[in-house]
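Down below are the structures I want you to see.
There are two complexes below, and they share chain A, which is joined by chain B in the first and by chain C in the second.
For the complex of A and B:
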């Protein structure tokens, strides 16, 4: 029961090396797309920790992302704090905001947790519009500092961040604490009777998910130089993240990364179709969810197991 | 395997109780599921907590484990008051529960499932510990899972899944072990193995509480029996004395039952419902094994069996809700290719034990849903007949179904089914959780129904008192098989002993 299975490293390592060498051969435009895709990959992987392991559907991943992004962005825009400090503060805000939401919401049963997270997104969206002096409102927030203006550097940072996040989240999910989390997610009654405080483990998972979502949200702001409701917080963004995670495979963590890259790549390849492209990508995602509910990676591991 | 029944050492019996329950009461709305229960459990003792369906034994078990909060009363473990604690705190205080239905993690191996039970409740345990794995292996060997340790639960046989639940309980090393229906679904030799494992708990000085339906199934294992009925203690003592107790006998067998059977020859030779050689598998567990029964037009047939015997499965097979082998014919028509809805339209209406009323709708609305295929005038006429049969429903006409008492809900369920004008009415455990006075009302209504209409009824019951008086013919279903068929007046002499 090693935390990172050898087979996983054997498959992932060549892919990551190839990805790291991409700046040598492809255009800055494609690198830019992939950079965004890698940050979205972290969003999806962090979401799968909740859905796949804690058994809770968080309809508001963008609530956590938005707190991280706007928290970091405002500090930089308003007070000119250094980027690392802004990122740290944004991540902390996402965790605090996430806990403020999760602690009362996890007391509810059934679909109510999901509804609370959905409402939280709408609330945050409205707050940003109302406090437009601070947040830039509907126009968006511009940050004076960026991580780098070099596309290659930005790309490598995003790739490295995704890799490290994936490793940490995978290790957590396969650790003894992750095993307890899965038990709590699948059958809270049995888990409680085995002596596990179900709420504690789910709240901890929510905090971890919030930390990665918030940090990735902050990083994406300092990559793009801007933050806006439409690109980071809107519920449609949340839906994309959820589709990516389910498409890649529930309970796999890395499935979220595959799904995010797939969605963004497919959207780009189908761009000639114009406004139809979103429809085609969504229809394809729907087909996978309907006919292969375990996702692409889930299908692969199921084949192997049987 | 021979199992020597060893009387417990005198010293352990005199030991101070480790679990003391006093005045334990649980109310669900108006229903009192446990009433003033006093119970002591000593280290090194096996106590059988028995009672028929709806008697409150599961409620008592859940209250002790912390899965439900008591309305009143005290539960002390080694002197510490634990009543109302959440389950994880109760578990850490030293109480373990072996669930009846195995619910392991399906994506993890058997070993990992046992490892889970050995883990401390810590968020910071991020690296695997090899000593934990070694202990898990040792436990797997002890319960006989050594050969399948690396397999996933989905590939295991039914008995092995139960072993896994026992292994998890052993891993927690509790002072008090609660075992929910230890032998449900197990074969003879498996029962012997499990008995030995449970005796192992006692020999280690743990206190064991076995929760089961009847004394007989646990008699060889227990030191003492505590019998519950309608949430209250009706008897306590050795297995023999409880089986001989007049109250227990009346609850399980009924007093002197008046039967009014009509001979089978009185009905048309052609039967309305014919079930032949039906087999049903739930995953690994065989729920029905070669079951054959028949019901004539106008006949009242009871299928008697304890919980888990397969009654509901049999009815679900008739309604084609569960996949099955064998043939089922209704009025000469093979039901195999018909959907449950088509079967209901053909005239088989099933009243499930879960009642399935629309809780937010009124009594009248629930009835109208049953009679939606009738014209307005017909429906009104049918409804009036039913109000005559169940006068209380007329008085409650505008009340929402959720607010009715258990007995009224049961009457409404039956009335709603009758609104569909069934050719065959299937009643699944209608007496579940009902008080004796309600039972009598229901019994009278059924008798009037039998006398005044040509209705055909198939009744599934574990309450013999209720199942026998109306029946023309009785089947006994035991561990997935029909073991007896005959007129109700022969039941007590030929089958009675099995029902204690």
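For the complex of A and C:
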């Protein structure tokens, strides 16, 4: 089994080429939306590695994202460090956060661990508000530097970042280590009895997921020029990420990317409905859970297999 | 003086927390379901009571009753529309039911929250209290409604305790939480037991919601924090342990009240969250967990 299946490349390549050519024909507004969607796609794919493969109910993807975003943002805002250094530091901070989550994950089962991740988000949210002179508090943090002011450049960076992240995460999930991770997620006792080091693989999964979440969080800060609790850390943002991954199909990695783009597009199309748009999107996700538990991508691949 | 103030306020808030968490832990104990739409059901009950008494001109007693009934109906709809289909679904592997129920009820809660915000805006709403006036005790003035809240919570908790431990139907529920297979062998239909548990849960969540609406007020934004606080209290006390939840509710309630009075209201929830993390690291089964 190759790490990146040929069929996958055949389908994904034309879509990516079309996406890369979009700036030639679409308005800056749509490009801006898609740029955000691509970063969200990385959040969802990184979350799927933990939820779909390692079987960890992580209600706090935004804890890792927030660490990366605020870590990078504060360094740039306070000490004027270069963007790449800030991103590196933010990613490192997110990985440390991921490892801190991995410790209870090894000891606690499903709902207990889910609560710890939820608490991690709430704590981070509270700490950011409390240390407002460093973080900007509820108003948000502004960074002096941005990656680029050109919408096309930003769009291509986001697209490239999503593509590379998707390739790496897919390869990891299909590698022998990914299979062991999947086994450990479904039945840790049997996986351990077969001689696999469950703890090591889960810790690695947390580190990888955190690295991608944190880096994407940092990049989105330097794209938007601001970081705020409401846009990056609030539990409702985490729920969006979860909905995207579930809609697209869990245990597929790429499903998260499809779900994220679909979600942002749906949010835009349903804008006339006002506050009901979230209702419609949540109802759609619930319907997928009830009737097509494998997600949209899972449905497609199931059809092909049968 | 401030000590007495903390003692009184903390007692009422903790009683409300305990009642809110009681149904949540009951459902988990009997059917193993963690209902993440809990906060949404409480808000539904509170907003229904508010709308009935303030908008549609029902009296405050009728309004409160309508609120509780809405909580009950909401819980039954949650069971039949979300939880039961996932439990019965053949497409979802048994090992993953728990994850699907968590995600499904989470989405369901968001749907309710958005509907409430759509029809009744997301402004905070305070339900008209049933009892007005102020009680003065050794220089500490507290609304009479606060004492009433604590009293109702404790009466309901006592009734629940008596039902589960003394009444025949209640003993079946208790048995179902210990050994579902044994209960089935004795000729009880688990399906009917689940419906009964969800109905009791709905009543408890409805009463807690209406009382919360009278005491502190609710808005559609309270959905997440309410679910999180019930979840934390139940896990802190030990999943499925009713006594544990009671103790945990008082620990969290007093910790929050003391922090708000002595340090700053901005730090209100932080010590409770830190305590929760510490307990998860050191004693994952909670105070009185049976794991």
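Before moving on, here are some points about what is shown:
What we mean here is this: the second predicted complex is superposed on the first by the 304 of 306 C-alpha atoms of A that agree within 3 Å, B and C clash if a C-alpha of one lies under 4 Å from a C-alpha of the other, contacts with A are read in each partner's own complex, and residues count from 1 in each chain.
To be clear about the criterion, a contact is a pair of C-beta atoms (placed from the backbone, for glycine too) under 8 Å apart; a residue touches a chain by one contact, two chains touch by 3 or more.
All values reported here derive from a predicted model rather than from experimental measurement.
If you put the two complexes together on chain A, you find that chain B and chain C bump into each other. Counting the residues of chain A that each partner touches, chain B and chain C differ, and the larger count belongs to C. In the superposed pair of complexes, A:3 makes contact with chain B only, with no contact to chain C.
In the superposed pair of complexes, A:274 makes contact with chain C only, with no contact to chain B.
Legend: residue contacts after superposition of the two complexes on their common chain; A:123 is shown touching chain C, with no touch to chain B. Once the two complexes are overlaid on the shared chain, A:293 sits against chain C while remaining clear of chain B. After overlaying the two complexes on the shared chain, residue contacts for A:239 are found with chain C alone; chain B is out of touch. Within the superposed three-chain model, A:186 lies in touch with chain B and with chain C [touch as defined at top]. In the superposition on chain A, contact of A:80 is made with neither chain B nor chain C.
Of 113-121, 149-157, 167-175 or 221-229, the segment of chain C running into chain B after the two structures are fitted on chain A is 167-175. Of the residues of chain A, those at positions 186-187 touch chain B in one of the two structures and chain C in the other.
On the chain B side of its complex with chain A, the touching residues are 65-67, 86-88, 91-92, 96-97, 99, 103, 105, 107-108, 112, 115-117, 119, 121-129, 132-133, 152, 168, 172. Chain C makes touch with chain A in their complex at residues 34, 82, 85-86, 89, 91-92, 95, 98-100, 102-104, 106-108, 110-111, 114-115, 117-118, 122, 224, 228, 231-232, 235, 239, 266-267, 269-270, 273-274, 276-277, 280-281, 284. Interface residues of chain A, counted against chain C in their complex, comprise 51, 55, 57, 103-104, 107-108, 110-112, 114-116, 118-120, 122-123, 126-127, 129-130, 186-187, 235-236, 239, 242-243, 246, 274-276, 278-279, 282-283, 285-286, 289-290, 292-294. Every residue of chain A that touches chain B in the complex is listed here, in rising order: 1-3, 171-172, 175-177, 179-180, 182-183, 186-187, 189-198, 200-201, 204, 251, 305.
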